[in-house]
Amino acid sequence: MKLGIIGAGRIGQVHARSVWQNPDTTLVAVSDPHIEAAQSVTARYGGTAVATAEEVINNPEVEAIVICSPTPFHAEQILAAAKANKPALCEKPIAMDSATVEQLYRELEGLNPRVMMGFNRRFDPSFAAAKQASDAGKLGKVEQVTIISRDPAAPPKEYIAVSGGIFKDMTIHDFDMARFLIGDIASVSAVGQNLDPDLADTGDFDGAVITMVNTEGASATVVNSRHCATGYDQRLEIFGTQGSVFCENVLPTTAHISTANHSRAQDTYLDFFLDRYAQAYALELAAFVSAARGERDFSPSIADGAAALRIAEAAETSARELRTVTL
Amino acid sequence: MKLGIIGAGRIGQVHARSVWQNPDTTLVAVSDPHIEAAQSVTARYGGTAVATAEEVINNPEVEAIVICSPTPFHAEQILAAAKANKPALCEKPIAMDSATVEQLYRELEGLNPRVMMGFNRRFDPSFAAAKQASDAGKLGKVEQVTIISRDPAAPPKEYIAVSGGIFKDMTIHDFDMARFLIGDIASVSAVGQNLDPDLADTGDFDGAVITMVNTEGASATVVNSRHCATGYDQRLEIFGTQGSVFCENVLPTTAHISTANHSRAQDTYLDFFLDRYAQAYALELAAFVSAARGERDFSPSIADGAAALRIAEAAETSARELRTVTL
Amino acid sequence: MKLGIIGAGRIGQVHARSVWQNPDTTLVAVSDPHIEAAQSVTARYGGTAVATAEEVINNPEVEAIVICSPTPFHAEQILAAAKANKPALCEKPIAMDSATVEQLYRELEGLNPRVMMGFNRRFDPSFAAAKQASDAGKLGKVEQVTIISRDPAAPPKEYIAVSGGIFKDMTIHDFDMARFLIGDIASVSAVGQNLDPDLADTGDFDGAVITMVNTEGASATVVNSRHCATGYDQRLEIFGTQGSVFCENVLPTTAHISTANHSRAQDTYLDFFLDRYAQAYALELAAFVSAARGERDFSPSIADGAAALRIAEAAETSARELRTVTL
Amino acid sequence: MKLGIIGAGRIGQVHARSVWQNPDTTLVAVSDPHIEAAQSVTARYGGTAVATAEEVINNPEVEAIVICSPTPFHAEQILAAAKANKPALCEKPIAMDSATVEQLYRELEGLNPRVMMGFNRRFDPSFAAAKQASDAGKLGKVEQVTIISRDPAAPPKEYIAVSGGIFKDMTIHDFDMARFLIGDIASVSAVGQNLDPDLADTGDFDGAVITMVNTEGASATVVNSRHCATGYDQRLEIFGTQGSVFCENVLPTTAHISTANHSRAQDTYLDFFLDRYAQAYALELAAFVSAARGERDFSPSIADGAAALRIAEAAETSARELRTVTL
């Protein structure tokens, strides 16, 4: 399948590499307003560099599109892809606010959008194995999910200022994971933290604890931090009536060192999201190609993207107003 | 040191055994309204069986008292011990409500109560090691604590009916642990769950997630369940700016089994609180004896018991009213 | 059951403590040529201090005997206990050489010796669980056992000089464990190491690797060292056609620390044999009492002690003569 | 760099894939007497399919050669590559016997062979990390290495018949690993096992325990089996005076499952050598390319291949003659 990528930033490069490594896909076009960025990607992974999204979407060779542009452009590019009748894999979040998503829904009426949202963590082999164990009934009825999700280090303050806030920018992945594991969320109780003095004037939280409850009373709790000294801290547990499954962090090696000071010390966690989720991105692309071929649903869907965004907005309200928000 | 125990129920027996095993202590009196229960304890561990708390408190041989009676009697027995000028180790919770504690404070005025609260988990070697690592600065500044606390199985409905509710009965230990690890709590956000159909008509929650924040913004989150298929699930993590410490569950052996189905499967968790916290109870008694000898503070104190109870009350309010409660 | 202990050294004190903690046993006599040593034990755990083994064995109150004297006295005291018709728990090894054991067998003819050998590791909960998994068929047919057995630090050179050598003194426990797990040994191939410059002039090995094969071809390999920086290193693995079981080291707490340098660093291993095998010693004594009451066999038996000693002698020959020794 | 591969069997395909995935390398020729096999590889990864090794070696486009033919052809192809003055990466073992290697050395005189042996495990990130910890002095002086090396399942009897025996075919990797970790080997003591009734008439061992000692007295012990129910069992430990490092098996996910039957059960080990050593093969190829560019030594070298083979021969003698063999 011949793919075009919109946006040659960090995440665009990730997908370009996945396209190159996947024997079923070829990169034919990459766009970026900074054409040099696009050229840098095509020099490495193939295809033609262009300046605009339109040139990718309307390129007759391009069979499917990966949207890696900044969030404010997602909705219009989803719409353009739908109008071009081409499947699209769109990075998270779907938009900066739910109003934009509702507008998008209206504009998509009558079209047949084939859109998959880039919630890559659903494709992580460990999290997917946990989900499978749960779906297979090995845990009984799911009652409580706990997600620890901490970035290795905070992004620049300039980034935070335009990020939409921690809930839309960072926790959005965890909100989707919560929905992946316990389904639709009925209420959200969030506690925000301002701990990092360097981020004090961003107005954004740099830590958070969010507890969601689904329509049947099962809970999902997320513990977030913008930093973690040991690396990229990504763990989760699903607890059910008959058992539980826990996913540990991913480490670069299996070596354990024991000395007179301690025993079995392991490596620090993989500290870059591309290393940590390398397999997840590759499997996500494969799933998208499979969906584009009609072999599976486009899942996670636009609706999943919209739902995660609504939870993010509810979490912000909850943390600011010190109350549980019902969805 | 010669000790007397008030109450020959399950927890009274625990302390009687600790007294017997501790080379520094001797059991001289045990009271229980069911004198046969007291006799059963003295037959095994020594001392005289009596019917009333007064006979223990006022026994001139008794140098220090362990209060293991039902919660409604705690305040009056703490007072009686103080009037007799004898140190007392009192089981949790200190009372059924904060009003009773305030009344107790008034009655203790002018006396010199030497009271230690039976928050045994502070003395668990693993949790104590975690606290020490934190106090030693190995974790940097503490930002987020996560406590997983699940009982192996729910108590009888009859017990739950008089227990004061999950927060006072079960989470009280976790509230104290939160304070042990991050200090005084400024606000509480609690989510209650009703998941077990067998407990539906108790009116009490059977699961809960509670997030506390201290005066400096650090959080402590507790995930509670009345049941856990794998045993007594007691884990915690302290996360700080420089590192984290995690305490795993305690297992009866170190054996790991690998087969064609899985690798490194370990034992289920110790599923009885006495096995799980056997060392903690012994170390708690040793600390009490040491405090009674003037070698250390009576810590955790009455104030700690009162603070945990206030958090429990705030959690109940938060979960019922769907709002954060400020303390 | 009323017990007498011969020998008030370190291991005698261990058993005295077990007697004191076991509600079924009482200490009535302790002997030691240094009567002060015996008195120190009786002052702590009860009973009468005497100077000679005879005074313990022939004390009419003493129902069963624990032999904790130096190895050269074991055979004669086993014989004396048998003549007095009293059950005996004898520390390892049974004698300094197999010739002495053969002489003992001749002298025991016509008597009914009830002797259990103090191979305490058979009673360690983890090793016992591994053995149970194996006996229960969970591993299929056992093919290869691997035992890592390292002391935290070498004993004084003076001790090594009279110890009988590493195989009789230290590996003897592992030889018994090998037999416990794969049964009678048909051949022994040993490699000795002289690595510690401080022990160079003892003439004894300070490290060794020994591979045994049983009559059906299953192997048991022991890796020994007189020292280990991380503590008392005691692990084993049983590998069978259907699976394997591995016993990790025992640690004082379950805490894991993660920092910017490493993740999940645990405590160093318990580094004192009494801490590491505290449960094993208590369970060993309970098993002995049970055997003395006719409720179970005296196992491990004199024959087990004799077999381990023969392997130790074969290992010494193998390591010195660079050849496999057939038993 | 443009590469040619000799041999399109399983291991040839592994290297072809590595060449394809490595951005620095291109596949230009693949040979196999079964030309269809070569064509199948070139169809997938590029290059021209030919029938003979000569057509690869003498192809002027080919800058470097990967020798993946059956072992009896290795020596002559190494020689041919040297005569063509092209660097070669040669699969293990270097030859079926040391006499052939000596003949090869004579024939290489006057030439400048640039040959790296395909001991891929040296490039495994975990084993390499263990080696680095050791080289960095974190373990003090190395005293004892333990290597557990078990295949998931035995190869067909027909393969075993022509394999040269377990030591040359399977343990050869472990012999190289032992040398990688403790250097040149002075003596070998091997115990062979015949445990699998299905392999009884092959005349080959199906299990083995080999203990090597280096010139300074440090030991390396290998435990081998042709089968392992849980998967490909590849672990090792380096023990030194100041600490130890242990490499666990590699698992497909980090998920742990806990139920009423057990806690923290993990996946079975990766059970295919290509999955287990995927990173090692890729890093090995990268190292070879780097050596071919003059940026590093060709290591492991022919001499390393020859040394491992000599140990294999010594192990066979030791196991057959029941004696330690000095090298």
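Think of it as A, B, C and D in the order they're written, each chain with its own count starting at 1.
Keep in mind that, in the parts below, contacts are C-beta pairs under 8 Å (C-beta built on N, C-alpha and C of every residue); 3 or more make two chains touch, one makes a residue touch a chain.
Here is each chain with its UniProt name: A, B, C, D = Inositol 2-dehydrogenase.
Remember, predicted model here, so these are calculated numbers, not experimental data.
Fitting chain B to chain C on C-alpha positions gives a rotation angle of 180 degrees, to the nearest 5.
Note: the chain lying farthest from chain B is D, by mean C-alpha position. Separation between the centroids of chain A and chain B, computed from CA atoms only, is 41 Å. Chain A and chain C have centres, each the mean of its CA atoms, that are 57 Å apart. Residue positions 229-230, 242-244, 249, 257-260, 264, 267 of chain D are each in touch with at least two other chains. Only residues 229-231, 249, 251, 257-269 of chain D touch chain B when the two sit together in their complex. Interface of chain D with chain C (complex): residues 140-141, 143-144, 146, 148, 150, 187, 189, 191, 193-195, 207, 209, 211, 213, 217-219, 221, 223, 225, 227-230, 237, 239-244, 322-324. For chain B in complex with chain C, the residues that touch the partner chain are 21, 23, 44, 125-126, 129-130, 133, 138-139, 242-250, 252-260, 264, 267.
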